[in-house]
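Below is a structure I'd like to ask you about.
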Amino acid sequence: MLPKIIKKDDLRAFVEALLAENVVVAPTKKGIKYAFAEVDSFDEVALDYNITMLSPRKYFYPQNETVLKFKLGEKPSAEAVVESAPKIIFGMHPCDVAATWLLDVVFAEDPADPNYLSKRKKAVIIGMNCAKPCDEFSFCKDMKSYNATAGFDLMLTDLGDKYFVEVGTEAGEALLVAGAQASEASADDLKALQEWQNGKEKSFVNRIPYDTKFLPEILGASDDSLVWEAIARKCLSCGSCNTTCPTCYCFTVRDEVASNLVDGERKRIWDSCQLDEFAEVAGGENFRKARSARLRHRFNRKGKWLLERYGKSGCVGCGRCDRNCLVKISSVEVYTQLAGERAK
Amino acid sequence: MTDLNVNVHHLTRVEGHGNIVVNSKNGEIIDARLEIVESPRFFEAMLKGRRWQEVQLITSRICGICAVGHTCTSLQSTEMALGISLSEQAHLLRKCIFFAEQLQSHILHTYFLTAPDFVGAPSVIPLATAAPEVVKRALRLKKLANTICETIAGRHVHPIALVPGGFSRYPSVKELKALKETILSYSDDIDETVKLFATFKVPEYYRETEFVSLKNPSEYAFYEGDIYSSDTKKGVKNLDYKTLIKEKMVDHSTSKHCTATRDSYIAGALARFNNNYDQLHPRAKKAAEALKIKPVSYNTFMFSHAQVVETVHCFEEAVAYIDRILEMDYDVNEQPAEPTRMSGRGVGACEVPRGLLIHDYTYENGFIKDANLIIPTGMNLANMDADIRELAPKIIKEPHDKIELLMEMLIRAYDPCISCSCHLLKVEFV
Amino acid sequence: MKPKVAFFSFTSCEGCQLMFLNLEDELLNLLGAVEIVKFREAMKEVTSDEYDVAFIEGSITTHSDIERIKSIREKTKILVAFGACATIGGINAIKNFQPLEDVRKYVYGERWDFYDTVPTMQVDQVVKVDAAIHGCPVSKKEMLEVITSLLLGKTPNIPDYPVCVECKLAENVCVFDKGMMCLGPVTRAGCGALCPSYGNKCIGCRGLITDPNTNAQKDLLEEKGLSVAEVLKEFRMFDGLSEVSK
Amino acid sequence: MTVKEKNTPQAGSIFQPTIGKIVAAKMLTAKEKYFRVVLEGGKPLGQKPGQFVEISVFGAGEAPISICSSPTQEDSFEMCVRNVGSVTNLMHQMEAGATLGMRGPYGNGFDMEAMKGHDVLFVAGGLGLAPARGVIKYVLDKRRDYGDVTILYGARNPSELLFKEDLSEWEARPDCAFHITVDRPDDAWKGNKGVITTLFRHVKVDPSKTYAVIIGPPVMYKYAILEALSMGIPESRILCSLERRMKCGVGKCGHCQIGNVYVCKEGPVFSYAQIKRLREGI
């Protein structure tokens, strides 16, 4: 599908046209940070946001989702709940697009999970390319997710007085046709995009001192590394690294019963492998009681296992884990140290 | 004539622990008093050495029913001591949440704690089946009050967003608009409440006494004003509260008694009603008419009727204040104002549901050096004792259980919150 | 037969009992499912002196408290510690860090010995506790979870992970990012991270999780500028009885 | 312009349980209870030996429970449940006639085809007998398909022995060898005493054609596998069934992950050759 151009001044009209008939979520200012939220007007959209606290995964895989409704009593009954509603997600950065792509694969693996997929399939993703890294925590260049190649319906790049629009799907194209004063991109526009891209390559730097394609190998050889013990002493096991990660998908399940003692709901709620109970089984056996084992699990999952299993990296380098870690445990440092140890 | 020993041990349907004792011999009352047996809590000692940002977190825990009142009074004291001045929006929101707390507490007291006495039920629980629509209405109104508190400060019991200098989070304009609509939708329940209490027969009783409350020239005072006595017809400033209010220890109580101009005084809804009647919202004045309560009312049993009048007033004022906030230049991202000094003394004085509350702090380098708290129930204790002594001889010929009931009703009327009165302060023996 | 439920209040602000009455939407259902036999703050009648479940609010702070809680334990099948005062001592334990005689003298002056007091204890330091509802005040949701669980005969689902988990799920701005301190990383969740959601710090009112990294937390607070004494004071606001406050 | 609804995935939530009815329930020991369950319409469960189901007790949650009957028994399936927490406690309060929710069968189960023609050595410790029983019953029902069958079973003390009728039957059968031990015998106990590895000395196997099936508490694996290895049984024919925390049973919740495998999907049955590669396997 051919790329298009939207003039800067027309973006407002485009978003307002989307707003007129759709639920639109977009980055908004929340205190001193940003969060994706449903917006009512273009003015609420924080176009120049760097990164949101949570990724938009919360729209496909909510923090706390009812998956079953049941009734107690003589003859208990239960019916699964699969809810979804169409949505436009505006302004997603390439790293979050990449993360969503991984989740798509995970939840589609047999048996497919309609709770995720139905919401995902009803969403249109309008991406927003970024010209510079969010902040000092980003390592998306290392994880090769700073450019989105697929996984979006539209992807906007800010070329100064206009947006270059890559069209990823027909659904995306349909929106453009109906709502925007979009024109065909010219050869000049393509050149401008190329220049913009060259600039972007320069402003993003690698922070990990080796190609991350070696990461699985390095992690595979690091089971007994002292790094795990060292970071374990600092780790609060607060789970913030997981709960803010755009690719984490572990959940726990809880039943809740209403005060009439008849109606109830089964909820799935985001969980974290850094929490004490995560791997505990009956009889008190805990397969990852030690914080070091929990951390090793997390880093392996992000850097090795998900890639091996799903063919997509479990880490997109958005830096949310490092940014939210109160005790400054840093993925970049861990990956660097592990390789350094091996070099010795 | 038989000797009488009424001993209501652990008075029910009041907050906290108290006993009523009435003993007579040969038809003569030899002893009549209210004993406070609540465990002492030592709040003043706990406050010593605490940092200015966390003082209100501790004082809120003096009383769950008046948590908003304690928090705000505490903040007033801290803010005065450290020279922090509130923005207008913070000021208006503080006042607004005060209305919600009065509403919450008055609904609880009138419907759950005193109404059962008027209809001859032991508690609200049998009423849930006997008069479900009344109980449901009470629950609805209580929930309304909680909703207001939740929107403004996170919750009612130990509010969160109330911090020195303003709010740690302001409700959004959207939330405020929705809140106003919610409040307005309960208007009928307010009318029904007035109608219900107008049907209750209040015992005849008269004993002249003094009424102490805040008084403010521009409004029916809850959040701020001078400390006013109906005897002197004068108000004193917060910092001078000791020129009006004296405290003393008594043997039968773990809580101190207060006096002002005479031996005892009344604080609370009845005092506010008597002192500030003119400033009530017109709808509240109409309610007073329906409830047959007029200033100055010397009938202690009328407390709950004064509370119903205030309920109407607070309902109307809450809406009016939200309107005022919505009309002004409102900034949801406003940050709390900062202290301008780190040492000093401040006295907060507010009308919490049960009456005048005073927090008196001295700060040194941002930490509390000295703290003094005077709690409304403590203020009413002397008057309760006086009322017991006044009423006992008049009803001595009644059957034992009637005496017990009337005595309990008398004390319950004050809506005593004994747990919070039992902190006690440094005693100055005069 | 409906289970007989009783409420008792010890040294506390009675806010937790009020939270029970604040279950406006659920109260009538609950009153239909249980028989409340004793609730001094709300009712005069006492219909039974044996209970299936006794909710205990407040800390144990006097000699007579100790006797009373023991006698309640004898009369009830299940005893639930209800709120921070009961589960961890809460605010009431602040006084334990000053000599009790000083505390009494400061507050009561010459008449100090008139007032009985013992160092504040949480309920399970005196009698066996079967279930705990955490928080100052308790959260409605958790109160319902415990009550419905007791009625259904199952173990209530009480989180044993830090407040940060719920705080992140709520997508709050971390108060550390605003230059404040927070006890969320070591405090038991279940409140929905209410305080950070309203812009304030977690003050630790729900007690510590089972396996907190308190050393890391102390280091963190010190690094943010608190002195060792102030770090301790943070923990002593609610968790005065725990190891970390020593 | 409204977003066109794109195709919705086929309905069929992974969380939808079917309803089963308990037709028999009895206590086996003080902590373990036996259940026989019939599905709605009497449908067979269609499981493979070694698979498990997610049992729902609405209001309490779900728990993965091994199927302890053989698929050759088609009208119903059986479970043996230890009372350890919410779900299992409420299950213990259920009697015949009660209904519960069920999802599954899940997991890979044992590859009974591959095992055909081989000798089988069963090593079951404690509650591990529950999953093992389904396999043992299957092998004994298809006795001619398999070679020599040896069963080793260990429990902590005599009062914790499960399925006593089955034990006597296996003991009596001429076509299988059966050895039993308890760690802490009581006065009436006449058999072997000591941990399960002490039974290995009674056993002779031909390692070239033997499968070892090992199921027990986490501590048992290490030692039992060592014994099997020292007998010369190849790593790929030492099969274990692992227990992990599970919240979904279908490879989504992440709890049972070891390395890049999900125990609920690729397991719970693994050969030692596979486990060896997974650091946290045993």
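Order of writing sets the chain letters: A, B, C and D. Residues in each chain are counted from 1.
In this text, a residue touches a chain if its C-beta (ideal position, glycine included) is under 8 Å from a C-beta of that chain, and two chains touch if they have at least 3 such contacts.
Because the structure is a prediction, the values reported are computed rather than measured.
Trainee: Using the contact definition given at the top, which chains are in touch with both chain A and chain D?
Mentor: C
Trainee: If you tally the C-beta contacts for C-D and for B-C, which one comes out higher?
Mentor: Greater number of contacting C-beta pairs: B-C.
Trainee: Compute the distance, rounded to whole Å, between the mean C-alpha positions of chain A and chain B.
Mentor: Distance between chain centres: 51 Å.
Trainee: Distance between chain C and chain D based on Cα centroids, please, to the nearest Å.
Mentor: Each chain reduced to its C-alpha mean, chain C and chain D end up 42 Å apart.
Trainee: In whole angstrom, what separates the CA-based centres of chain B and chain C?
Mentor: Chain centroid spacing, chain B to chain C, equals 25 Å.
Trainee: How many angstrom lie between the centres of chain B and chain D, each centre taken as the mean Cα position?
Mentor: Those two chain centres are 64 Å apart.
Trainee: I need the residues of chain A touching at least two other chains; which ones are they?
Mentor: Each of 31, 72, 254-255, 257 in chain A touches at least two other chains.
Trainee: Mind pulling the chain D residues that touch 2 or more other chains?
Mentor: 59-60, 85
Trainee: Provide the list of chain C residues touching at least two other chains, using ranges where the numbers run on.
Mentor: Residues 25, 148, 152, 157, 199 of chain C touch two or more partner chains.
Trainee: If we use the touch criterion from the header, which chain pairs count as touching?
Mentor: Applying the touch rule to all chain pairs gives A-C, A-D, B-C, C-D.
Trainee: Help me check something: in the complex, which residues belonging to chain A touch chain C?
Mentor: Per the stated touch rule, the residues are 30-33, 35, 53-54, 58, 63-64, 72, 233-240, 243-244, 254-261, 269-270, 272, 275-277, 291, 324, 326-327.
Trainee: Using the touch definition up top, name the residues of chain B that touch chain C in the complex.
Mentor: Listed in rising order, the residues of chain B that touch chain C are 10, 12-17, 39-42, 44-46, 48-51, 54, 57-58, 61-65, 67, 108, 112-113, 116, 122-125, 128, 132, 135-136, 139-140, 142-143, 146, 153-158, 160-161, 163, 167-169, 249, 254, 408, 419-420, 423-429.
Trainee: Once bound in the complex, which stretches of chain A touch chain D?
Mentor: 17-18, 21-22, 67-68, 70-72, 75-82, 84, 86-88, 106-107, 109, 111-115, 117-118, 121-122, 124, 171, 174-175, 178-179, 223, 249-255, 257, 264, 266, 268, 271, 273, 278-283, 285, 287-288, 293, 297, 300-301, 304-306, 308-309
Trainee: Help me check something: in the complex, which residues belonging to chain D touch chain C?
Mentor: These residues of chain D touch chain C: 59-60, 85-86, 89-90, 93.
Trainee: What residues on chain C touch chain B, complex-wise?
Mentor: Those residues of chain C that touch chain B are 9-19, 21-22, 24-25, 27-28, 31, 36, 39-45, 61-62, 65, 90-92, 94-95, 98, 102-104, 106-111, 114-117, 136-137, 194-195, 197-200, 203, 230, 233, 237.
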